[in-house]
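In the two complexes below, chain A is the common chain; its partner is chain B in one and chain C in the other.
Let's turn to the complex of A and B:
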């Protein structure tokens, strides 16, 4: 009986089945849009609207519409623009070396301790990271106390409040995320590709550099772009640990607004930051397109 | 080129013995096929030779050199992987030249050698292609060229053809064999395909659960399988299990109404396995004369299958077993027939 009834059920449901996909497709379109909607709203309200309004406002000043804000921004802050680019690129280079080194090491070796420890800065907010680096790198900070004990030199210059301290803080805060991404990409390179290289006489370093890194390059680039973007846009760390002159662009922006209520120049500086990021994105996209074509 | 000698190689992963006291010698310029089902330890063995697996104990000698604890990059072995493992970001030329660059050859030497290698594998003119622009067979040839170009002392092929379709596999199999003979390079060829192993190898080593079950020339191993597993793995079409019987003449097994001898270690009512291959049995409709050379079994045809060049019949014996037997003529169903099988072609375990 049961068998018969189930057979009936299936034969009855057959025509329904053929109709169902259409209904489902319509439904999934709607539910898909509903699912994406919150993200779209957040993106629109918190990113696209401010972006457009800041671009517009950067052209508006007391002198009317024009490039006045840009002229002023470049006159006052051209050193800071180059300083920002320089610090970001130096940090990026060091982050690249450290994260590739750690990911390369962990690709070949199991070391759970390292695998755990390198991620710690991920969970530390920028404010805390900046502050702890300030304490660590100050003239009488923890680092110098240790170095004094070891070397016996009583007075050592502090690294905080200078560009090396800023770079150290950025690197320490940024490398875990890059490492996490790069390690994931390294691990997805098949063992056989690496073993083929070792087998032909390559050492591990060369296997990482010439085989693993190029194969993982799309993800490595993503990691570098993310690091670049979040370094160039970071306010807290330069504010806490950076030198008082020159400063990073976000500090200038905050300064223009806090002390002069000068939104025009602040927005002009913001747009300049965008352009720097867009410049990098352009290279990134060009590289990816080339790779796709190949 | 060098002789490979492996002594007492053992590797365990937790409880699992991947290699269990493996002894193996491959003479200079010979091709040894390591044959076994998946999980038999064949990949572990070849990876231990290449240096990617550190054995728990045992020794590996390449010529006079003890390479057991040598790093992979210093062993001068060359491996071809099942997945080809070509580097996707490099052209064919760069892939093949990689090993030569590591050997600090001049650009002219490298160009010459790469050209030689590509001609060797019959792929001239593809230098500037990327691996993704090649077919599976071409990729495997490039992988072979990449391995051979560095003049390795031993060539390790880890299921090199199992990702290819049957036709290309068949063709490449013979090309590999020819190349290996031409270069006179000691070669280990891992496969789970018995036909591939038998057709290509100078010697076949059968592995099971990390142990060498039998090793020898293909003909020997095929015609004298040492035990049930080997016989089964080398493609037995008929495996019949029954019980040993006893009468005044002693212990025996019965198949097709014929008295068959059983191994000495059997007791009464022990399980006994009889193995015969479909193509090694002669089927006749008339009763053949008694002979010392062959057994004659009785049976009845109960089913048939046309295979193109011949028919395959299912024959049921008086004991109730059914056997598959090949014959080149169409016979009437349910007719009584006789099976002649050479005494050394009926394996009894």
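Let's turn to the complex of A and C:
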């Protein structure tokens, strides 16, 4: 019932690297390229080309080539840019706390209930997570049906359609993946390290914080990068449960196309969202390539 | 002495019950709500349960001529085409990445990883503008293309891992016994890699079935896949229909993913149904 953790995955990938077929290096180069070619063409035409054209088109407007789209995008949407960064960082911080707490707990304790149940949102698509949260957090939603009974207050404000609902939906959808990655990393920290700390008088909480977390930090960072990128680029959850103003950048991009037919500003917003993640993306790509080549 | 252990036991039981309730409510609550809504024929605030429960909306959704069934067939058709194409492309690519010394392998890896490392929406938008030029917007072909690019990243990774897990020595043994390379691949490698390849196909199937954002741009307004129909229903406060579709889409995802857990790396699942 366990998902292959990153540790297991890398041990699987090793044999192929060391035991590669011998004696036909020259020929295999060519056939290797030919075998990869279809995938490369599809990704080139359907991913790389649109990616590059999003960058190029962001500089093109009726005014000619320049920064017009960016000036317009920042003038119109600077609040949304900060809102997007804020929501993403708040969600990220909460995801970090929850996933380190669960992974830390499960590193020391067996609790099959928690170990099973925390993974459920992983398999729920973003769209359905958004819809479910809409039903759950609406002013007359399931949560308020329960809360009004417990508290005795007849009407409570709904959490949906405001920033708290947005954060709750993101955290609900995103923490399982982070937990899974972090737990895998925590489990690959040898017991001896932790026992040494515990013997020296440290408690489990401090052992996690001061020993396990620093050793596992590359994977923890990858988990945070994946959470950050998929939160900042998510369209469905903000559409379904977010406030109508301010909105997150993907919603602005989508409205710029569907309501204004304004591709230039949409692309400028797209490039801005690339710039928001680019440092993290490079870290992630470097980490994954290194892992694959190890 | 016994009293102390007994109170401790009670304390722990109560704490555990509270923890299970809270965790259960937080994680299962939203899903349970959707499930209940799909059976709710009448549910007015502030009743704790629907006033009237029944299969009305399920029957209406699953009857032959309904919009839901129409969308279900479109979604299934697209998903099957995407699985076939994705596997035709990623089996050779995965095999090559697992076995051959390809020049610029690093660049290839980066290209295959990029869709996960950057927001995808700008790509979908520009794909749409590209597809307008070739009249592919609002066609099955266009939607298949989007789903293909979304799922290819995962299918290539999973097939690569599947081939890597097979010891090269088995292939070499067959070669030494006189089999040619093609025969070795079809007789030895492919059957051994089959579980991983099936996992990969199912992953692609689910990804395609649940894909929303790309379809929203490229498929509009003519291609109504199930997620698109669900979104429209949810935004229009057709809570029952939206919930029925949500349950329909969740069951296969949940079932297959739980079955296939051991084939999946945590990194793969992030893109599901974005």
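The definition used in the following text is that the second predicted complex is superposed on the first by the 237 of 294 C-alpha atoms of A that agree within 3 Å, B and C clash if a C-alpha of one lies under 4 Å from a C-alpha of the other, contacts with A are read in each partner's own complex, and residues count from 1 in each chain.
In this section, a residue touches a chain if its C-beta (ideal position, glycine included) is under 8 Å from a C-beta of that chain, and two chains touch if they have at least 3 such contacts.
Source: prediction; values computed, not measured.
Once chain A of one complex is fitted onto chain A of the other, the partner contacts of A:114 are limited to chain C, with no touch recorded for chain B.
When the two complexes are overlaid on their common chain A, residue A:215 makes contact with chain B while staying clear of chain C.
In the superposition on chain A, contact of A:135 is made with chain C only, not with chain B.
Comparing chain B with chain C, more residues of chain A are touched by C. By the touch criterion defined above, A:197 lies against chain B but remains apart from chain C after alignment on the C-alpha atoms of chain A.
In the superposition on chain A, none of the residues of chain A is touched both by chain B in one structure and by chain C in the other.
Only residues 20, 23-34, 36-37, 45-48, 88-90, 92-93, 95-103, 105-106, 108-130, 145-146, 148-149, 152, 156, 161, 163-165, 167-169, 171-172, 210, 212-213, 216-217, 227, 230-231, 234-235, 239, 242-243, 246, 249-250, 253-254, 257-258, 261-267, 269-274 of chain C touch chain A when the two sit together in their complex. Those residues of chain A that touch chain C in the complex are listed here as 1-6, 9, 12-13, 15-16, 19-21, 25, 28-29, 31-33, 35-36, 38-40, 42-44, 46-51, 53-54, 57, 113-114, 117-118, 120-136, 140-143, 145-146, 148-149, 154, 172, 177, 180-181, 184, 222, 225-226, 229-230, 232-236, 239-240, 250, 253-254, 257, 263, 266-267, 270-271, 273-274, 277-278, 281, 284-285, 288-289, 292-293. Against chain B, in their complex, chain A makes its touches with residues 190, 192-193, 195-203, 206, 210-211, 214-215, 217, 294. Looking at the complex, you find that chain B touches chain A at residues 50-52, 72-79, 81-83, 85-89, 98-99, 102-103, 130, 143, 146-147, 150.
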